[in-house]
Amino acid sequence: MHGYDELNFAKLDSDRKQRTGFAEVVFCSGKSVDHLESIYKHILEIEGEVLGTRATKEQYEALKASFSDIVYDEVSHILKIEKTDKTYAGNVVVCTAGTADIPVAEEAAQTAEFFGTKVNRIYDVGVSGIHRLLSKTEELQAANCVVAVAGMEGALPSVIGGLVKNPVIAVPTSVGYGANFGGMSALLTMINSCANGIAVVNIDNGYGAGYLATQMNRLALK
Amino acid sequence: MHGYDELNFAKLDSDRKQRTGFAEVVFCSGKSVDHLESIYKHILEIEGEVLGTRATKEQYEALKASFSDIVYDEVSHILKIEKTDKTYAGNVVVCTAGTADIPVAEEAAQTAEFFGTKVNRIYDVGVSGIHRLLSKTEELQAANCVVAVAGMEGALPSVIGGLVKNPVIAVPTSVGYGANFGGMSALLTMINSCANGIAVVNIDNGYGAGYLATQMNRLALK
Amino acid sequence: MHGYDELNFAKLDSDRKQRTGFAEVVFCSGKSVDHLESIYKHILEIEGEVLGTRATKEQYEALKASFSDIVYDEVSHILKIEKTDKTYAGNVVVCTAGTADIPVAEEAAQTAEFFGTKVNRIYDVGVSGIHRLLSKTEELQAANCVVAVAGMEGALPSVIGGLVKNPVIAVPTSVGYGANFGGMSALLTMINSCANGIAVVNIDNGYGAGYLATQMNRLALK
Amino acid sequence: MHGYDELNFAKLDSDRKQRTGFAEVVFCSGKSVDHLESIYKHILEIEGEVLGTRATKEQYEALKASFSDIVYDEVSHILKIEKTDKTYAGNVVVCTAGTADIPVAEEAAQTAEFFGTKVNRIYDVGVSGIHRLLSKTEELQAANCVVAVAGMEGALPSVIGGLVKNPVIAVPTSVGYGANFGGMSALLTMINSCANGIAVVNIDNGYGAGYLATQMNRLALK
Amino acid sequence: MHGYDELNFAKLDSDRKQRTGFAEVVFCSGKSVDHLESIYKHILEIEGEVLGTRATKEQYEALKASFSDIVYDEVSHILKIEKTDKTYAGNVVVCTAGTADIPVAEEAAQTAEFFGTKVNRIYDVGVSGIHRLLSKTEELQAANCVVAVAGMEGALPSVIGGLVKNPVIAVPTSVGYGANFGGMSALLTMINSCANGIAVVNIDNGYGAGYLATQMNRLALK
Amino acid sequence: MHGYDELNFAKLDSDRKQRTGFAEVVFCSGKSVDHLESIYKHILEIEGEVLGTRATKEQYEALKASFSDIVYDEVSHILKIEKTDKTYAGNVVVCTAGTADIPVAEEAAQTAEFFGTKVNRIYDVGVSGIHRLLSKTEELQAANCVVAVAGMEGALPSVIGGLVKNPVIAVPTSVGYGANFGGMSALLTMINSCANGIAVVNIDNGYGAGYLATQMNRLALK
Amino acid sequence: MHGYDELNFAKLDSDRKQRTGFAEVVFCSGKSVDHLESIYKHILEIEGEVLGTRATKEQYEALKASFSDIVYDEVSHILKIEKTDKTYAGNVVVCTAGTADIPVAEEAAQTAEFFGTKVNRIYDVGVSGIHRLLSKTEELQAANCVVAVAGMEGALPSVIGGLVKNPVIAVPTSVGYGANFGGMSALLTMINSCANGIAVVNIDNGYGAGYLATQMNRLALK
Amino acid sequence: MHGYDELNFAKLDSDRKQRTGFAEVVFCSGKSVDHLESIYKHILEIEGEVLGTRATKEQYEALKASFSDIVYDEVSHILKIEKTDKTYAGNVVVCTAGTADIPVAEEAAQTAEFFGTKVNRIYDVGVSGIHRLLSKTEELQAANCVVAVAGMEGALPSVIGGLVKNPVIAVPTSVGYGANFGGMSALLTMINSCANGIAVVNIDNGYGAGYLATQMNRLALK
């Protein structure tokens, strides 16, 4: 027994939940409908639910026939079959600098919620109108961790990092133009921040931020 | 009252501990002896101890006259005056890929310890001899978080991320040669990892990793 | 006699097989149907078979009329006319980190097979679920060389390099998002690996990897 | 008459003050003592004073013999002979994120002062302790323009830009480590800021910022 | 009272005009018609006019029904509702190196005009035919500031900077091919210019240049 | 008289031929049909012929109505009206590494021919089959200059540079994949060549190479 | 038993020779004399010989006291204790483009020799004087693999790749100036080569090339 | 006979003058005194003179003993033994933007002179004081080619290119600070210039520019 299930085209890591506390999540981007169907079916049998990210509307339309309970969110591009009796615990804040950063923030928020985390959304609080952010100081300080999502205002995590006790997960987004290099400029801003307690993930990686936020939230719940 | 103390050349953030749970830490690199002395004295009065990073041996020699209890560590370049009655709680693992990554790892470990964290060091477990890492699996899984420090083996956090429940803090180092770009290649490897639960900090930023590890450890201790 | 055949628009290197042991291979991308037809006809006459890479389905449809034996593979984008009496010798393993890396891996595997190499495919063994890879250790150690194909897990060749006696050919792929820079991040990870015996080829260059693997396999067969 | 003075090794732009309102300034870095002496003498004769930037202490020691009134500032590396009857007009604020940014800020401030600008210094107001900056809001709003100097906190100009009516001149510095790329990360942060009214100059270019601030201040004085 | 209006999806900074002298401007790119309509309505009520940038013709067609006075300019992509009794004051020159830079220049010029600035356009005066630029020297010297827009001729601001008393706002554009890196080469040319008084904004950021030019023009009008 | 003609949207440099020996050439990319028509008409009146580069087939179709003699070449994307009595002098070789580099080479060759240069084309002589190139050594040595066009084989100019007396104009192309960075890798190879007499132009800049080759050829004809 | 030996500061991979056929090699750069002594002693006991790379003369002087048989080569910076009864088998060619590339080539050659490989050195055969290389064609074709070392002439592996049947290991060096980016330009040239059978290693990584060459040579010897 | 002389450590290309019209030139940087002595002696015997570039004063001091006629120039770092009866023909202008660019310009000028070219130096004519350059228009137009050397004013070749009939050789220098990237920004400015007739060489490559200028000058002299 190798701790994985051999599908024709993939090795599903059936041992993962045991090791990490999280079932396998499907990265839908670029996968064929046949493959997706096979993977969703396999995970659904074991877990009773499935979370998929970066799905297209076309994939959703195609899978609806086989999975009547499947749900698609056009903002976050999450495609999931979810248990109906979920409860949410802890406190994670997800905030954005601008409205264009919301899709990535929603991927983070909905991922965290899928894994049982209670999420508080605070959107459009970029630092160029700092009073909007400061009016939420108490909510930020109450969170077990803060996810800060920003493309054109890489400064957001720095300012938050100076206000709170708990970790800030910084998510650069590819939103912007000119010298933003598809989000690389925001990533560099966040990595170089001299504020403390800033944990950076990949550009547009809302899923990774939601996963990490869940881990931190679970530490506080233990 | 503005929540900071105006020194001649700096504004010490006296309100910081209240907001973030951490007293101000001194980044010694490039500071004159006069300025250092003034800052150490100021923080010592308020906190009863001081942590400084990136100090040189020359700065240590110069400050010894004024602060008899000051201690310098040549590996981590930490220069501190520390309370003697400390206790350590929780469980953070700090590991390195190679022996050349140890200075950055020590900055992380000693920072975390200064803030009361119990640290378990596992050094020289790079993935090109994977059995060395796998022999430590249980220790890794027992930690509240793992700090993984690596310059030439950016893969280390990915492998650990697949083995554990809790967050992995990835610290790229500037160790290496050729196309390592002063650590940028390791940073990119870590940021792009498709393992989950990887939080990246700046190149050689052991201090930031130790701070973040302390925050996560404190979440688990609450 | 110059050792090449002057077509109207190209100089086919008819001397190549003599020098290198490999007949000329057609890089189909961007070539017009007229040119392709002329080149395929020319090589077919001399070699009795033709290998083309990076072909589109449209090119295949257009050439079918002239070459009834032509075969197109939609995964690898290989378009070939092949002798029917081939035998395969030696032992080359082609493995991938994820399922999205399979098209590049297939270009490598089918290229090697076209040149008479026996190929063993091991797909979806990325290092974030390391037990999947370790369960194949014996197969990896038995190969004359291993082709390791990865976009988001540049660490794969490093781990394999530490397990085997023979060379590892590392193929970065452009699969990924965010700071992957079209595969450059994976390339840098592989080039900087401190594991030994890692030979790197260009991003998505499955063909080059299959060629190099064939050369190494032939060394072992001599 | 060409509007310049031909020295042996240079063409001094004697027409410049007429065209731009500023006499020629000497970039001392790398110039030999002979050349410096000749240039200072030439400008002194015409203008009655000379401003030089990026001078070393050695250059100062060497020129003291010839110019008894010459003054050197070790922080800003400015080497000047200045008229004694200067008055200062207008209102420019020069602020820094950290104490390590002060040398560049001083180059800006002293350049502006040399050209008759009244300067208000506000140092060490980085955004990770945002209350320090906000306590100075009124002073910032009163300025004809604000020069914001920062290496590790590229966010500083964004926050200020959202608070004031007048332009903010953003000066990235090479202060920092890791992925700061000698100031390029700070420069990208500032260029990509979605705050309005941010004018960026080259890394460590305090002189350019002081010049630009003087131009803006003069507009307000007209 | 927090100084902003909570829309469902955004926090409109109603306090901004008070702080900065400019009402909020809408960055239309990527916004849904519903959101745009809501934002335009909100701002129109408060300000009596609205300026939007980076709008598409489709957005214009969709909003025409609700806002009969809305006007769209296909060159600058500005979508606005404007008061009819405007007067223009001061003197700002907007110039371009080539004809392909005109769309960015128009975004700058029309933004400045919306905020009451008098604009003088001088287009197609690139430095490779320097007599075209020099024939306009007097107009350039008369301006309170000059906006210089260029993609393939990053040298334009340097030459102008040497001719005038007042600031030059340099706007790199993404126009070009080959090694222009989407405008990054022009940006670097402008940032490194050894001419004085050059203020650089982001690539293609005509809006930012128009805003900054308005601020400078207002300084002169005070 | 300023030495240019003011069209509505452009300043045609009517003085250029006098200064440089070349009439103005039209960069068609992105220009509207109206503008093109106006410019072609204007230049045709003065010069009796017009050369345009980077034209689309659509632009050609649209201009055919107004200019019956206009000719379009689909390989080089050159759109021209040319005098019929041309003679060609001198000797310029244009060569390519691969067949995919031919479009750029043709832009160079046809530009040079438009300006009266005699061109000798040698295509598909990449260095990986070096005998093809060496068989042309005499032709290369006879040329007044050699234009070497290459995307995946940046080495071509180096080898030629070592064989000939006269200058080699190196043109990197964007042909390639993986780590070619749109031609930047070829450009760097060419710029760093330790062969002598290599003059590099921008990526895909066939026009610039043809212009430069014409200048060199004219030097030899004087 | 974990398959490694725990030194105080490192985990020596005692299982490595069993897995990979190569004993552990010491990367001396930056290691203290104490650590080096301990590691050399440990490996010497097990293997009867030790290979170290990137050693300084100072390290050699310090270790001479403890190891009388230790030998240092100033060109390759190899510091080794070697068995005296070695025989060399197979055939590997190591060649360089210029004389400045020899240190890296010697690291490759001497590493291969330490592991029992017969090496044929061909230095200073850069492609800008191609006849020097071509005069060695037969020797190149006779090798089991060719190591091609080059900094300013990244083209060398491409030309060799077109001449031989067996793999070419391309080693970029940091030799050069200007836009060579510490060897990155040579690396990109080699990675993008359209010649076949090119395996690239890190910049200046002579050791890695020698290791890989040994692996290939051993395949041929089996 | 292979057309080269085998020294112990190098293959001197004795056939080069025959092929290219230029004897071999010595790149002194990093060469040992022994090697230099041997190479200078060898070339001196054949050519009666030797040109070396990038030499240090130490190399000069060491070689003086053996070669009494050897001459060293501290500005250009050229170390040469030259025939005394030289005459200079043609007309090449070498100009610089600033005084700091003179060392590179001198390498170009003296290289050209060594090969018999008549050189006209025009230094310190950067475009930020454009009247200095324009006052030299006739001299520029009279040259067979112009070498334009610039680090902080990459625009210089563009402006000259628009003024002259003959080619402009653009030499970026590493002079500058901030975002100049060791000359890469100047290189990009020059490569992207939309002026015509610009031939770019490597950063600081005065020698290459002088060589290329000599080739062009010789074309005109034929």
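By letter and in written order, the chains are A, B, C, D, E, F, G and H; residue numbering begins at 1 in each of them.
Simple rule for what comes next: contacts are C-beta pairs under 8 Å (C-beta built on N, C-alpha and C of every residue); 3 or more make two chains touch, one makes a residue touch a chain.
Small disclaimer: the values here were computed from a predicted structure and weren't measured.
What is the minimum number of touch steps required to go from chain C to chain E?
2
Give a one-word verdict, same or different, on whether chain B and chain D use largely identical residue numbers at their interface, taking over half shared as same.
different
Taking A-C as the reference interface, identify its repeat among D-H, D-E or A-B, namely the pair sharing over half of the contact pairs by residue number.
Matching pair: D-H.
Cα superposition of chain D onto chain H: how big is the rotation, rounded to the nearest 5°?
90
Return the chain whose centre of C-alpha atoms lies at maximal distance from the corresponding centre of chain B.
F
How many angstrom lie between the centres of chain A and chain G, each centre taken as the mean Cα position?
Centre-to-centre distance between chain A and chain G: 45 Å.
Centroid from C-alpha atoms only, then distance chain A to chain H, rounded to Å. What do you get?
Whole-Å distance between the two chain centres: 57.
For chain B, jot down the residues that touch at least 2 other chains.
In chain B, 16, 129, 162-163, 178-179, 184, 187, 191-192, 194, 196, 202 touch at least two other chains.
Tell me, which pairs of chains are in touch?
A-B, A-C, A-D, A-E, B-C, B-D, B-G, C-F, C-G, D-E, D-H, E-F, E-H, F-G, F-H, G-H
Which residues of chain E touch chain D in the complex?
Residues 16, 19-22, 25, 27, 141, 144-145, 162-167, 169, 187, 191-192, 194, 196-202, 208, 211-212, 215-216, 218-220, 222.
Given the complex with chain G, which residues does chain F contribute to the contact?
Residue positions touching the partner: 97-98, 126-130, 134, 152-155, 158-159, 161-163, 176, 178-181, 184-186, 188-189, 191-196.
For the complex, which residues does chain G have touching chain B?
Touching chain B: residues 2-4, 9-11, 13, 15-16, 29-31, 35, 174, 182-184, 187, 202-205 of chain G.
Sort out for me which residues of chain G touch chain H in the complex.
Residues in contact with chain H: 99-100, 102, 123-125, 129, 131-132, 135, 175, 177-179.
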